[in-house]
Structures are given as structure tokens and as C-alpha cells.
Amino acid sequence: MSEHHTYKKLEMVGTSKFSIEDAISNAIDECHKTIKNMEWFEVVETRGHIVDGKVGHFQVVIKIGFKIENS
Amino acid sequence: MSEHHTYKKLEMVGTSKFSIEDAISNAIDECHKTIKNMEWFEVVETRGHIVDGKVGHFQVVIKIGFKIENS
Amino acid sequence: MSEHHTYKKLEMVGTSKFSIEDAISNAIDECHKTIKNMEWFEVVETRGHIVDGKVGHFQVVIKIGFKIENS
Amino acid sequence: MSEHHTYKKLEMVGTSKFSIEDAISNAIDECHKTIKNMEWFEVVETRGHIVDGKVGHFQVVIKIGFKIENS
Amino acid sequence: MSEHHTYKKLEMVGTSKFSIEDAISNAIDECHKTIKNMEWFEVVETRGHIVDGKVGHFQVVIKIGFKIENS
Amino acid sequence: MSEHHTYKKLEMVGTSKFSIEDAISNAIDECHKTIKNMEWFEVVETRGHIVDGKVGHFQVVIKIGFKIENS
Amino acid sequence: MSEHHTYKKLEMVGTSKFSIEDAISNAIDECHKTIKNMEWFEVVETRGHIVDGKVGHFQVVIKIGFKIENS
Amino acid sequence: MSEHHTYKKLEMVGTSKFSIEDAISNAIDECHKTIKNMEWFEVVETRGHIVDGKVGHFQVVIKIGFKIENS
Amino acid sequence: MSEHHTYKKLEMVGTSKFSIEDAISNAIDECHKTIKNMEWFEVVETRGHIVDGKVGHFQVVIKIGFKIENS
Amino acid sequence: MSEHHTYKKLEMVGTSKFSIEDAISNAIDECHKTIKNMEWFEVVETRGHIVDGKVGHFQVVIKIGFKIENS
Amino acid sequence: MSEHHTYKKLEMVGTSKFSIEDAISNAIDECHKTIKNMEWFEVVETRGHIVDGKVGHFQVVIKIGFKIENS
Amino acid sequence: MSEHHTYKKLEMVGTSKFSIEDAISNAIDECHKTIKNMEWFEVVETRGHIVDGKVGHFQVVIKIGFKIENS
């Protein structure tokens, strides 16, 4: 059995009309369609669009780390 | 017709007793009184006061970008 | 009476299943057990665990500033 | 006569279809309509839109420094 | 219809003998072969090789953001 | 009565032949002519001119935060 | 023949019980299974787990650059 | 005899009505009441309060390094 | 049972004549004398003394995270 | 034959009325008068003077790396 | 006559028992012995030794820019 | 006797096939040929070449500080 693992990190931008947490979840949900073994995320940047003088969408840039299978 | 636009960025601090998102909205609301054409914001810093061992206010520093009219 | 005060800053990691704000509050609650005079916090880093393709915990690294008594 | 001057810095985003230098010039041209005494600029960030697989606009964030009159 | 989108960011290095803008375009051209929906780029780093006392190639590190289809 | 306030931050460069502290004060003095409610400053950068092998002026870039009235 | 090349950068986390260098090698070994033309790496972050008061694993975040074939 | 030493770093905020240097000294004085073996400091951030359009206090965030006894 | 934990981070400087890894271990060993539940470390800075034209000691600044008991 | 080389990095500021690329070339040309074996450059900062509301000079701070002979 | 100049930047550490400004001046004085045409300095880092619970020396890291003659 | 010293910092890149520590030593060895009074180093960046899917050379960028004689 290997005594070490290797991980890969992806940089994603999740968006949400509602909250920063929801934007993070949306990005993770999207990745979950194709990636297994996601283990952690890191928020890199928080920003958003303003529409008619109000927040239109929160845009949260995150890095997602996942274990490479059989690594 | 001009083929390019110019934008200005302001640095504001919104505050809220309730949430980071609300603090962002409060800063945008305040700017909306005098500035049109706001298009995006970027969170620069998140901090807050502590009162009696609890969060008193969230203080969120954001930059707000808006298009200069007729630019 | 001294005309100046000295403050100390601690670096804590609060966690929460629910939100970034709740993770911040949890870290402050924990410090409040032993530290008086907490005055402000600064968010240093926001990250979290992913469990079964969903956010397991938000982990928010904050610095907490408090006044040194009799300083 | 005052022996020192005070300067203010503005953060602007210039855009151009052609080049980074042109985007910088466009931002400075726009400011020149209302601000005298501009003395220097600093590039803060370079980015752009992609349209149909090609650069649509370069967007260059700059800070512009100008002397406050009679300072 | 989904009310939010998710984006992915790739980090590429474009090179050019001629200019920084050309290096950016070359990286975007290469990505365009396999990626649709590219929306923006951000310059991360600008560097280059020196050959015989002259710039051999500009090397521009950019991040490219694109929308995940059906997200 | 509003339960939150909004602040704006300006970026200024104060200069002085004498000291870093004096350069900071000069920038604040200049702002005080037109801005009320200044509450804090943050030093962003410290630099200066050299004239005849000696410091000619200290140039201190600061951000100044002030409360928006009636916010 | 093209006069320029395009490179892609991946962000990986290698781990090792033994050393930072070994963790770097493990990440590169893993990538070598599927990626040809790797040319350089950059260490982004060094951290690790502590188990029973001793370093359990070094975790080294690196970026790996490789040439896109036929670019 | 041990051939190596271990040091701990604390983050403090010293304040002064007079100068940046005095704020640094005040923080070190305060630490000196309880900590022996302080060896160096590093300035992390310089800021201050503005009162009535003048600097009220300089606030200087420093890290202080000291040797752990018997390490 | 609490559904969340709180962690504290300390900043330490480990030194070693031999290697970066050994300096990290020395800092962790020293902390292990008084702190339980250490879970991770992050390398903040790597530096060292030069003595007689050779590395005298590696000095590695790390942050150590540990769980607060009963949090 | 030595199996490794050592490089030195210099920090230069090139200027040009015309473009960022030209400013880079000017700095490299100047160094080429006295330094052999220059191998790469890294752009550290891009700024410039503004004269009469237009860019007077681009000022590009670069680091230049060159191999130490016989290293 | 050349229409552009090239500058070189050196990194120096000035020290002083008295003040940050004095440490800056000491570094500039030392450079003035061998370098003509110094034009500006930038403070990179401020730190110092602590001796007997008091500031022993301020150590100020600065970059000094000077024009290369005949450039 | 002067009560203060001035130091200069050089930026070097050491390389090694074997380890990060060896790359640091190689850069210091090379500097030792011409520079006396080296006192400390700071690691700025760690990177390397990849050859045939393995680390070819570690490349470690360091700053080296040395005292200016008679300063």
C-alpha cells in the first residue's frame, strides 16, 4: 500500500444570488458531477456583479483539492 | 460611438450587525445614492468589532467599479 | 493614567457547518472563555472540508485583538 | 511657500481593443477631462474579456497620482 | 432554468517574440482549440527569455475563465 | 436611527522633509480642509526622493477612512 | 513550424513522510503517468500534518508547467 | 548542550500619541513585563486613529520574537 | 456533543544545522512539551545564518495549529 | 565539470516613450553593455510619468537573471 | 541625445539606535560613498533587535534607485 | 567607532540536483568567492526543472545579506 497520496487543485468560480456560502456550494456541486474524492476548498477571491444598485450575483473563486485515485 | 469605456473604482467599508453579505449590500446601497452605473464589487478585507465577547459589527471593505458616463 | 494601550493578537480557526459568520462567532465564543477585552477580529483565510461532495465545515482563520489589562 | 505637497491617488480601469498601452492612455485621457496635475500612474492589474475565442478588450487597472492644488 | 453559472479557471503560459499582447493571444488561441465559452483572462506574471542580449520570447502567465456548459 | 454606518477610504500621499510621521500629518491636514469625520489611516507605502545623497522628502502613501454623513 | 509554444500549469499537492524534496518528486511522478513534456515546477506552499507530536506527512503544493503538444 | 534553539513569535499592537518608534517601544515594554529573551521585532502594519482632523494615536502592529528558555 | 471545534495557531521558529525538515521538527518537538492536539503546520518563511561562508543554521518560521480541548 | 550553476538577479528600471516592451528592451540593452550570460527577465512593476495629460514614459521594473561565469 | 534612461535598484539595510528615518539616512549615506545619481528609495521592511527589553537597533530594508550614467 | 552598520542584500539563484539545502549552499559558496561578511540568507522562491519526468535541478532563489566593510 502506498504511504503517500497526491492531490490536484482546481480553480473554480461559483455564483449565487443569495450568499457567499451558496456560491461556494454551487461550485462544489458542479465539480461533484465529474470529480470524486474532493476533500477541501480554499476561498481565493470574493466579488460580484451589481445590477440596478444591488448585488446581482456573488462570485466566489475557490480552489478545490481532491485526491488522485490510486495515487 | 466610442469603442471603449473607462471605469472608476471606489473603496468603501460597509457594516452590518447581521452578515458579511448585508455589510456588502449596505455599502452598495449608500453608493447608489450618488453613483449610477455601478457594475461590480470586490471584497478587499473582512473584519469586525467585538462587543461583550460577540461580533458587534461585520466591517467589509469592498471596491466598487462603475462606468464613467460618456466615457 | 497611561496615555496609551497595548493590544495582543491571537490567530484562531473557527469552524461551522452552517456559515462563515457562524464559524467566526464560534472562534470568538471559545476565546471569550479565557480572554477579556476582545475588541476586533480580522478574517485571514476562509476554507473548509468537503464531505460527500458537499461543504462539511467552513474553517475561518481569524486574528482576534484584545487589550492587555493595565497596559 | 509650502515646502511639501500632497497627492491623491485614484483607481481607474482603462480599456482598449488594441493594446495594454492604449488602455492605459484611455484611462488617463478620461481623467484628464476633470483632473489637472496628474503626475504618475501605476499598473495594478491587467485582464480582459474574451469574445469568440479572441481578446475582446484589454482592461488595465491603474492608479493615477495627482497633486492637490495649493497643497 | 438555472439561476447561476459555474466557471473554471485554467493557468496558461503564452509566448511570443513580438509583444505581451501577442503572447496573451497565443495562449487564448491554443485554448480555443478545445475550450468553448472562454469569457475572461487575468495576467498573473510577465517574464521572458533573453537571447544574445535581447528579448527572445515574452512569456505571459494568464488565467483563463470559461463557463462550464449546462452549469 | 440607522444601525450601521458606511465609510469611504481615500488614498493620499503626504510628503515631508522631516519625518514619516510629519508626512502622514500633512496628508491628513490637507484632507481635513474638505472632509469631515475622518476616523483612521493606514500606511500603504513609504518611500522618498534622494537629493544630493540625502533624503529630500519622505513620501508616505496612506489610506484615510471617514464616515459618510447620514449613512 | 510555429515560432512559439504554449504551456499549461497544474496545481498539485505531493506528500511524503520523509522530506520536502520527496513530496515534490511524488507529485511529479504522479503527473508523469498521464502528462508528457513537463518542464518545470514552482513550490507554492509547504505544510504538513502533525501526528503524535511529530511530522506525519509533508504536504508540498507545487505548480507544474508542461508544453502543450503541437502548440 | 543543545545545538539549536526554538523561538516563538507574538503579534502585538503598540500605540503612541507621538511617533511610530514610540509605539513600537510601548509594545516591547509591555511584553517585557512577562517575557524574557526577546530578541527581535518586525513591523507588520502601521495605522492610526484620526481625532479632530489630526493623528490621535499611531498604532503599530509588530511581531516579537523571543527564545524559549531551555530550548 | 459539540458539532464544531476551534483551533489556535502559534508562530514558531525552529532552527537546525542540518536541514529545513529538521528545523521544522525541532520547533514541533519544543511545542510538544506543553501543547497537546497539534494537528498541522504551515511554513511561513525559510531563512538562516551564514557563518564563515557556510550555512550556520536554517531558521524556519512555521505556524502550528492545534485543537483547543473541549472546544 | 561542475554539475550546477549559480545565477545572480539584478533589479533594473527601463523606460520608454513608446511601449512596455520597449522599456524592457532598453533595460536589457543597458545591462548588455557590462553583463554577459543574461538568461531571463521578470517584470516586477509597471508604472510611468504623466506629462500634460498623456503618458510621458513607461517605467518598467524588471529583474534580470544571468549565469555567473565559471560557476 | 538618448530619450530614455535606465535605473538600477539596490537593496540595502540601514540601522540606527534612534529612529526609522535615521536608519534610512544611514543606508543612503553609505551608498553615497560609491554611487552617484541616487534618485529615490522605497522602504521594504522595518524590523529591529531587542536588547534588554528595549529596541537595540532599528533595521530598515530599503531599495535605492539610481540612474545609470550615460544610459 | 560607528554605532551602526549598513548591509547590502544580493539576490542569487542556487541550483542542485540533490536538495533544496544543497542549492542554497551552492549559491552561498559561489558568493563566498568574492564577498566577505555574509551574515544571513532568506529563501525567496523554490522551483526547478523537470527532465524526463523527474526533478532535474532544484532552483532556489535566495537573498544574501552582508555587512559593508567599514560601514
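We just call them A, B, C, D, E, F, G, H, I, J, K and L in the order they show up, numbering each chain from 1.
Keep in mind that, in the parts below, a residue touches a chain if its C-beta (ideal position, glycine included) is under 8 Å from a C-beta of that chain, and two chains touch if they have at least 3 such contacts.
All figures in this text were calculated on a predicted structure; none of them were measured in a lab.
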Any chain that touches subunit H and subunit D: F
Centroid-based (C-alpha) most distant chain relative to subunit H: E
Mean-CA-position distance for subunit I and subunit F (Å): 38
Distance from subunit E to subunit B - Cα centre to Cα centre, in angstrom: 29
Intercentroid distance (Cα basis), subunit I paired with subunit C, Å: 21
Residue numbers of subunit H (touch at least two other chains): 10-11, 19-20
Every chain pair meeting the contact rule: A-B, A-C, A-E, A-G, B-C, B-D, B-F, C-H, C-I, D-E, D-F, D-J, E-G, E-J, F-H, F-K, G-I, G-L, H-I, H-K, I-L, J-K, J-L, K-L
Interface residues, subunit E side, partner subunit G - complex: 10-17, 23, 26-27, 30, 57, 61
Contacting residues of subunit H [partner subunit F, same complex]: 19-20, 45-50, 53-55, 58
Contact footprint of subunit A on subunit B as seen in their complex: 19-21, 24-25, 28-29, 32, 38-43, 64
Contact set on subunit B toward subunit D in their complex: 3-11, 63, 65, 68, 71
